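Chain IDs A, B, C and D follow the sequence of writing; residue 1 opens each chain.
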Amino acid sequence: MPFDHATADRRIRDSFARMQAMTTIGASVAAVREGEVDVVLPFSAVLTQQHGFVHAGIVATIVDTACGYAALTMMPADAAVLTTEFKLHLLSPAKGDRFIASGRVVRPGRKLMVCIGEVFAEDGNSRKQIALMTASMMVVETTTGLRD
Amino acid sequence: MPFDHATADRRIRDSFARMQAMTTIGASVAAVREGEVDVVLPFSAVLTQQHGFVHAGIVATIVDTACGYAALTMMPADAAVLTTEFKLHLLSPAKGDRFIASGRVVRPGRKLMVCIGEVFAEDGNSRKQIALMTASMMVVETTTGLRD
Amino acid sequence: MPFDHATADRRIRDSFARMQAMTTIGASVAAVREGEVDVVLPFSAVLTQQHGFVHAGIVATIVDTACGYAALTMMPADAAVLTTEFKLHLLSPAKGDRFIASGRVVRPGRKLMVCIGEVFAEDGNSRKQIALMTASMMVVETTTGLRD
Amino acid sequence: MPFDHATADRRIRDSFARMQAMTTIGASVAAVREGEVDVVLPFSAVLTQQHGFVHAGIVATIVDTACGYAALTMMPADAAVLTTEFKLHLLSPAKGDRFIASGRVVRPGRKLMVCIGEVFAEDGNSRKQIALMTASMMVVETTTGLRD
């Protein structure tokens, strides 16, 4: 199945639009490529933990989403994606004007895809990696009733 | 340093109250014990992913918080807590009326604490485990300017 | 499919006997229960790292084996087991007379099983947990040519 | 502290030589660079699991070693290195003539270093990534009695 950018882009953005959590935190899709998706999140004080940095769980939210959709770009049209597990390293405090989470597939298995996710904080002209994820994404068949 | 419940309870709740992300998602502290903290989150549609379940990253947010504060109950009064990494297994879709995240310390190191977190979905009278976390929490000295 | 102890015990021990790595390091099966397997490893200097403790990778070897076989006790007779990922926390240095790795299934999925593994060091009459694993085990169909 | 290749190379190889587990499995140091170490392991049937592939725990052993020593190249002369946790994704069965584990530091913290490890299987002229690790390495002070 050759990759069709327009179809994948529409599929990801349609599914993303159904994620109410993304509207709640203010995240959006920045880019869709074969096996790669970028999600962007502007800083907001309502997402912070006790020290004023964006909460690690919110960082996890955007990079899990980026990884899941990166995997979805390589799945059959009638499949859905479900995270089975992820690990997140917090490399630096999540402070900055906005955050870019990039997910990419490192092993596109038929049943399970392994992804790497990286999160960067941007502040004016500077850019710094603040988090690193590895994740397992399951290819869910439509017989389950799920669809993306 | 013997454990004083009233002091620990106040410390955790004061720090939790400064986490704007908790207000945003609607989470609160349910219980504080030595090396154990429970966080509760009622279901809300604004926290869902594309299939209508609570987003895995929001699940991570409450259980990371529970684990971090579980660790903080065992730290010196002048220390702060910072997550260095966590791994989350999603065992079942996050559906239910409310979610209880329980964090507990399994290794209370002087510099690094290892925690286990479990998340349960409650629906009427039923209760089901939906997620499992292991996390590393760093004991941060006040010389860094951070405090909890 | 009801659990039959004698069948499971034979299946695990037969498969274990084909693992040359177990003979090489000196590990053996200590117990087989439904969804739980214990592996035992006597201390040997030939398994140590630079500080004289058993190498973290050897600890991983016995607890990954315990988790994999714990999962296999809950799989169909014509399936094989394959680790897709694991995470290991090293809680204390691996020193002692012998090490017991206990794996147990926490989510027996049809395609993927999630396990927890714990490793204990025994020294005379004392027993101390030294490691904690969570792992994902895939149920591999026999059409792949693999069998356990 | 500027990086001195000769000093780092000697330090890593001396410490590696004290790891009896490396001799037991037949691994050796292939390369030492600033923040990067490669370990090589020829295939041997005595390291296999039940399907004839090298055991996941042995794969973990070489890549944990590569990551730990990658971190050590960036630590003060009087420090020792200790793995606190790692996660390993098994991307493909470990089959081939030899295996190269490459560890590199992605965050050289003063107390904790985060590393990525990759394992490649080589077979004749082909080379394939079979595993991916992320790991946390603690900088241990000499007051503990440990030294590398």
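The rule is short, and it goes like this: a residue touches a chain if its C-beta (ideal position, glycine included) is under 8 Å from a C-beta of that chain, and two chains touch if they have at least 3 such contacts.
This is a predicted model, so every value here is computed, not measured.
Using mean Cα coordinates as chain centres, the one most removed from chain A is C. Counting C-beta pairs in contact across A-C and across A-B shows that the higher total falls to A-B. In this assembly, the C-alpha centroid of chain A lies 22 Å from the C-alpha centroid of chain B. Between the CA-based centres of chain B and chain C the separation comes to 29 Å, rounded to the whole angstrom. Here the CA centre of chain A is 33 Å from the CA centre of chain C.
Shared contact sites, meaning residues of chain D that touch two or more other chains, fall at 84-85, 87, 89, 114, 134, 136. The part of chain A that touches chain D in the complex is made up of residues 87, 89, 91-92, 106-107, 114, 116, 129, 132, 134, 136.
Within the complex formed with chain D, the chain C residues making contact are 15-16, 18-21, 23-25, 45-51, 54-58, 60-62, 64-65, 80, 82-90, 93, 146, 148. Residues 84-85, 87, 111-112, 114, 134, 136, 138 of chain C are the ones touching chain A in the complex.
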